[in-house]
Amino acid sequence: MKILAVGAHPDDAEGLCGGTLAKYAARGDQVTILVATNGNVGSPTLSREEIGAIRRKEAEHAAAVIGADLIWLNIDDEFLFHDKETRLLFIDAIRQAQPDVMFVHSTNDYHPDHRICGEIASDCRIPATVRLIETAHPHLDKVPHVFIMDNIGSIGFDPELYVDITDVFETKCRMQRCHESQDAWVQHLYGIDIVTHMAKSATMRGMAIGVKYAEAFRTLPMYPVTGGPHLLP
Amino acid sequence: MKILAVGAHPDDAEGLCGGTLAKYAARGDQVTILVATNGNVGSPTLSREEIGAIRRKEAEHAAAVIGADLIWLNIDDEFLFHDKETRLLFIDAIRQAQPDVMFVHSTNDYHPDHRICGEIASDCRIPATVRLIETAHPHLDKVPHVFIMDNIGSIGFDPELYVDITDVFETKCRMQRCHESQDAWVQHLYGIDIVTHMAKSATMRGMAIGVKYAEAFRTLPMYPVTGGPHLLP
Amino acid sequence: MKILAVGAHPDDAEGLCGGTLAKYAARGDQVTILVATNGNVGSPTLSREEIGAIRRKEAEHAAAVIGADLIWLNIDDEFLFHDKETRLLFIDAIRQAQPDVMFVHSTNDYHPDHRICGEIASDCRIPATVRLIETAHPHLDKVPHVFIMDNIGSIGFDPELYVDITDVFETKCRMQRCHESQDAWVQHLYGIDIVTHMAKSATMRGMAIGVKYAEAFRTLPMYPVTGGPHLLP
Amino acid sequence: MKILAVGAHPDDAEGLCGGTLAKYAARGDQVTILVATNGNVGSPTLSREEIGAIRRKEAEHAAAVIGADLIWLNIDDEFLFHDKETRLLFIDAIRQAQPDVMFVHSTNDYHPDHRICGEIASDCRIPATVRLIETAHPHLDKVPHVFIMDNIGSIGFDPELYVDITDVFETKCRMQRCHESQDAWVQHLYGIDIVTHMAKSATMRGMAIGVKYAEAFRTLPMYPVTGGPHLLP
Amino acid sequence: MKILAVGAHPDDAEGLCGGTLAKYAARGDQVTILVATNGNVGSPTLSREEIGAIRRKEAEHAAAVIGADLIWLNIDDEFLFHDKETRLLFIDAIRQAQPDVMFVHSTNDYHPDHRICGEIASDCRIPATVRLIETAHPHLDKVPHVFIMDNIGSIGFDPELYVDITDVFETKCRMQRCHESQDAWVQHLYGIDIVTHMAKSATMRGMAIGVKYAEAFRTLPMYPVTGGPHLLP
Amino acid sequence: MKILAVGAHPDDAEGLCGGTLAKYAARGDQVTILVATNGNVGSPTLSREEIGAIRRKEAEHAAAVIGADLIWLNIDDEFLFHDKETRLLFIDAIRQAQPDVMFVHSTNDYHPDHRICGEIASDCRIPATVRLIETAHPHLDKVPHVFIMDNIGSIGFDPELYVDITDVFETKCRMQRCHESQDAWVQHLYGIDIVTHMAKSATMRGMAIGVKYAEAFRTLPMYPVTGGPHLLP
């Protein structure tokens, strides 16, 4: 199976569904991480170019942890908008990954890039199948199934589905730690390190199903529903 | 695996999750249908005793179609209330069935017996495990996972999960037709026969996932979530 | 057409749909007001018997303003519960009124009697049609259409339907003023007189549709939907 | 009365409110169908120009079935965005139709063009009345009343209002069959023909109100509410 | 100020708002904990009488940690129902505590006793002020403000209000540890100890507002709203 | 404390949170009103330039009533869109005001400018803190707390928080009356004067909490929640 996780920034997919991706990868599925923006503002001290270059490297390392492919759209961080050019960028990237299953941001997530990224990604699931929308890669031959990822802070997100990630939690942490530049940034913004932050959500979601760590999802509630929870690892 | 479907009236479980039950049965799971009320008003012409006796027979036949067990609580139709005596009846019946998975009515279903039956059944999932609540059967050793069934008319019910019942649709129809007294009743009430009525919902839910017939469910959104969609057939 | 408004206390129907009832009455429809409890606590000074007797008189006067019938269930104020006896009382009262249309309390209304009264009344719409549930009056031959009334304070109630009551606002006020014992009570509880209190909601609801005064409703979102907004006056 | 149905693609208005439009037309109301995009990708084999030309013809034929006017905005299919130019196109088109009542897509519909079309159309109801926004047609002199149409697949759409379309169902089918190029397309995408697809929703919505076929709507829950359900045919 | 926290079982108030209660107590407010049921099933080994006696002692110790009063209604655990007798018990207990502020269970909490306890407690806020409902204690002279507590597992509960309990977290833990019999029980049911369980929710809620530990609340969305968030410590 | 109210048009902030702003100002907080569009269509008779110039003057006078600063973004009325240029305008304006607390439009408000203004303003709370997004004013050093204002018509807005504005109601009216050009406009559109219109909402919201006039708010339900209701005056 082919899996595509679409994150607004480098490290978002890792934080919100990294454990699930690790489980897919471990059983042999082909995982792609699509990063919409280049993260070129995520530093309290570096220049845009410096932090942008670092974050790309970090994203590559994180993907490598589970042998995932990386697609880097290189849109300026904090300035993701839903226009024709961006829609086409996403359509082509989705076609490149040929996903059976997509993971997208919740549209009530905390950051505009997340919200808009989630909107674009799910909006593309149908256009990506349309022959007459021509991009570099050939159109998909079926609509991928879409899961919506938990949001940052897990506020106002009612999970329908859980994946127990206890076994792969260490892998998930390793993926997140590849984004070491973000430790400084998240520490700067929220006063805690990036892994601790994520672990709080994972612990809470795990509590719901009686395991140590879990990730939570919903199914996109839109026609056509082309798959189901059995597509989760 | 042991499956328990809890219906307010004879024929409710068949109509709302009969296809799913048929799939469980076909693969060897042990299915029990719990009928809360005796259906002793469901006739435009017969007496309470006459229609009650008929409906029990019909329920037995319907369960027999898939080799399911039947638990008959024999509460008066239209007068299901959530009191201590009824709660204990349900707890004991659930213990008798020892379910891994329960199917219960949605609390926004159209009929008070449905709403209240759904409330009691899901309320019992934890008390059924409590040793010091003594009933005829021994307490469960774990909290069953609870799925909520679609409601009659599929109004205000947002499905999270679908089961493709196309393959077993004929079996589901056969189960429903066992309730032949209800053809007259449903014809009397709503102007159509019972199978046609059900087929409209099944068709609609099937359309969502691109199959001919489906049934729709939600997971009870309450702690602890002891299973998941993988428990569906 | 026959209209039944079901209020928890004397004056509730007047306050929440009195203008709409006045419009029905003015065009010749037969209106019945069903009062569940006898209001026998609604006084800062009188005894239960005294205030109960006064409130019945007031309810009769208010109904008389529009020529409505009054059904007085005489349940103790503040102690309405949803048990079999009360359900049967309601079923019989509904049968007596033979409504095409019912108005019931919203189940998120502010007072337990309101919430429970709304639950019982809408729960009875189907059982009232069942032949084998025998009460003093014969069973209905069809399920009445149910509208849900705005709640006290208009909090968390999203109107679907509005009735312009500007023309009958004075009549509505006259109906409310019949409950003169409640002026003292509402003044005691909330510091304003009963008509001013109601006028605030009516003004707000009117603003939404660009008229001076309106009442707001929803349709009961449950199968079967036996009528529609064209049943409003 | 003047009625405007705003569809994202040729055939959307027919599918989601075609029966209601047929009833308006039959009683003499003036119906306009506004088609936002030109449908120039809806073919598994033809070029953009070929399928675009065909779909316009089909849309004209479908409108002609009920004597409706057609407004063709000619925006590229799959690339409807909410920018100033598009907003002005819609404002002018709405002014051309001078509607008392508008039908618009639900913003939780399955396709981005639907969602965005619904957003633009309802956003224009007020600006269309503003004198100083100058377009080819003169500004409206009142805010039209807006009904929201059911979505494709009827997922997550809770109807408030129903129109019985049993009598005009054949007319609705005839309108849809004018879009014969879409039979191939829908067959290609979802494995069933376009009329069967629509009939499943119409059957389900009809079941709710006890008729063979119905269409379902909601009122736009926004100030000012300038009309009401009595505006439905 | 006088504060009343209403828990279904011994330890519920401590777990869901114990930190907030500790803050009230620390600043000199008078705190009462009302425990509806006697917890007489919460043991894997003891008899009802034994565990009931233990739990009362534990509840007294827990209340004593912050100098709170304890009201013990002594209803059988797992069998809390909303009938007249229970309503009167609650009314009298609320009158005894004379609260300015009440904390009650969310009605979507995981256990029937919680749900029903929350319903009764908030339903009593108005009847407790009614002179003609006579109980052992005199009626309140104003409607207390009601906050709804987070639910167990924090599922489907959208916080409106947070209280930072970092400073008093140790006190909260001490209160919970007084319920030592429940360590065995919770360990038996959910595989973790009672304090760890609570800390997961407190950590998650704290993350939302950038502190180590927090508790989350909502305001009862019902007329009249007699206070506000400034009543939180 | 520094307060920023973000209105789509001149007079929106005054109408939706003017009383609250007056209370802040009265106690010495520094209030800024940010007006996104220049209101250059709000006249039944004047030209764009004329009405635009008048409205700026009116906005200055209204702000002066409470000694507030005014930021005038001068975007064309009715054409606020969420693009990069507009996002940067808002970010810079927010930085200029350096708010501890922001008030923004609800995204279900009645007018597209309101909805989009609310979306942009809350989307900017995080980017405004990002060093590498350079604008004329230096970046904020913390994320402001965001309150969502009631919508026009108070439809579908469930208040979480209320501010009693009875004491400052006259001041609020004075602020609104500064927008005298809008009396003609609102009279033209909705048939009532601007202050009467506002007073209807204020009266309704006041009724909920038992005061004469109030304004209603919600907290932005998104991570991080950097403040709380104690930030209200």
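First chain written, first letter: the chains are A, B, C, D, E and F, and each begins at residue 1.
The rule we apply is simple: a residue touches a chain if its C-beta (ideal position, glycine included) is under 8 Å from a C-beta of that chain, and two chains touch if they have at least 3 such contacts.
All figures in this text were calculated on a predicted structure; none of them were measured in a lab.
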{"item": "Intersection of contact partners for subunit B and subunit F", "value": "A, C, D, E"}
{"item": "Chain copies touching (subunit C, subunit F) - same or different residues, decided at half shared", "value": "same"}
{"item": "Label of the chain whose CA centroid is most distant from the centroid of subunit D", "value": "E"}
{"item": "Chain of greatest Cα-centre distance to subunit B", "value": "F"}
{"item": "Intercentroid distance (Cα basis), subunit E paired with subunit D, Å", "value": "52"}
{"item": "Averaged-CA centre spacing for the pair subunit F and subunit E, given as whole angstrom", "value": "39"}
{"item": "Whole-Å separation of chain centres (CA-atom averages), subunit C against subunit E", "value": "35"}
{"item": "Residue numbers of subunit D (touch at least two other chains)", "value": "83, 153, 155-156, 158, 190, 207-208, 210, 221, 223-225"}
{"item": "Arrangement of touching chains [line / ring / star / complete / other]", "value": "other"}
{"item": "Those chain pairs that satisfy the touch definition", "value": "A-B, A-D, A-E, A-F, B-C, B-D, B-E, C-D, C-E, C-F, D-F, E-F"}
{"item": "In the complex with subunit D, residue positions of subunit C that touch it", "value": "158, 160-162, 207-210, 218-219, 221, 223-226, 228-230"}
{"item": "Subunit A-touching residues of subunit F, taken from the complex the two chains share", "value": "82-84, 87, 123, 126-127, 129-133, 221-225"}
{"item": "Residues of subunit C defined as touching subunit F within the complex", "value": "153-156, 158-159, 190-191, 197, 200-201, 203-204, 207-208, 210"}
{"item": "In the complex with subunit B, residue positions of subunit E that touch it", "value": "40-41, 43-44, 47-48, 51, 78-79, 81, 108-112, 115, 151-153, 155-156, 189-190"}
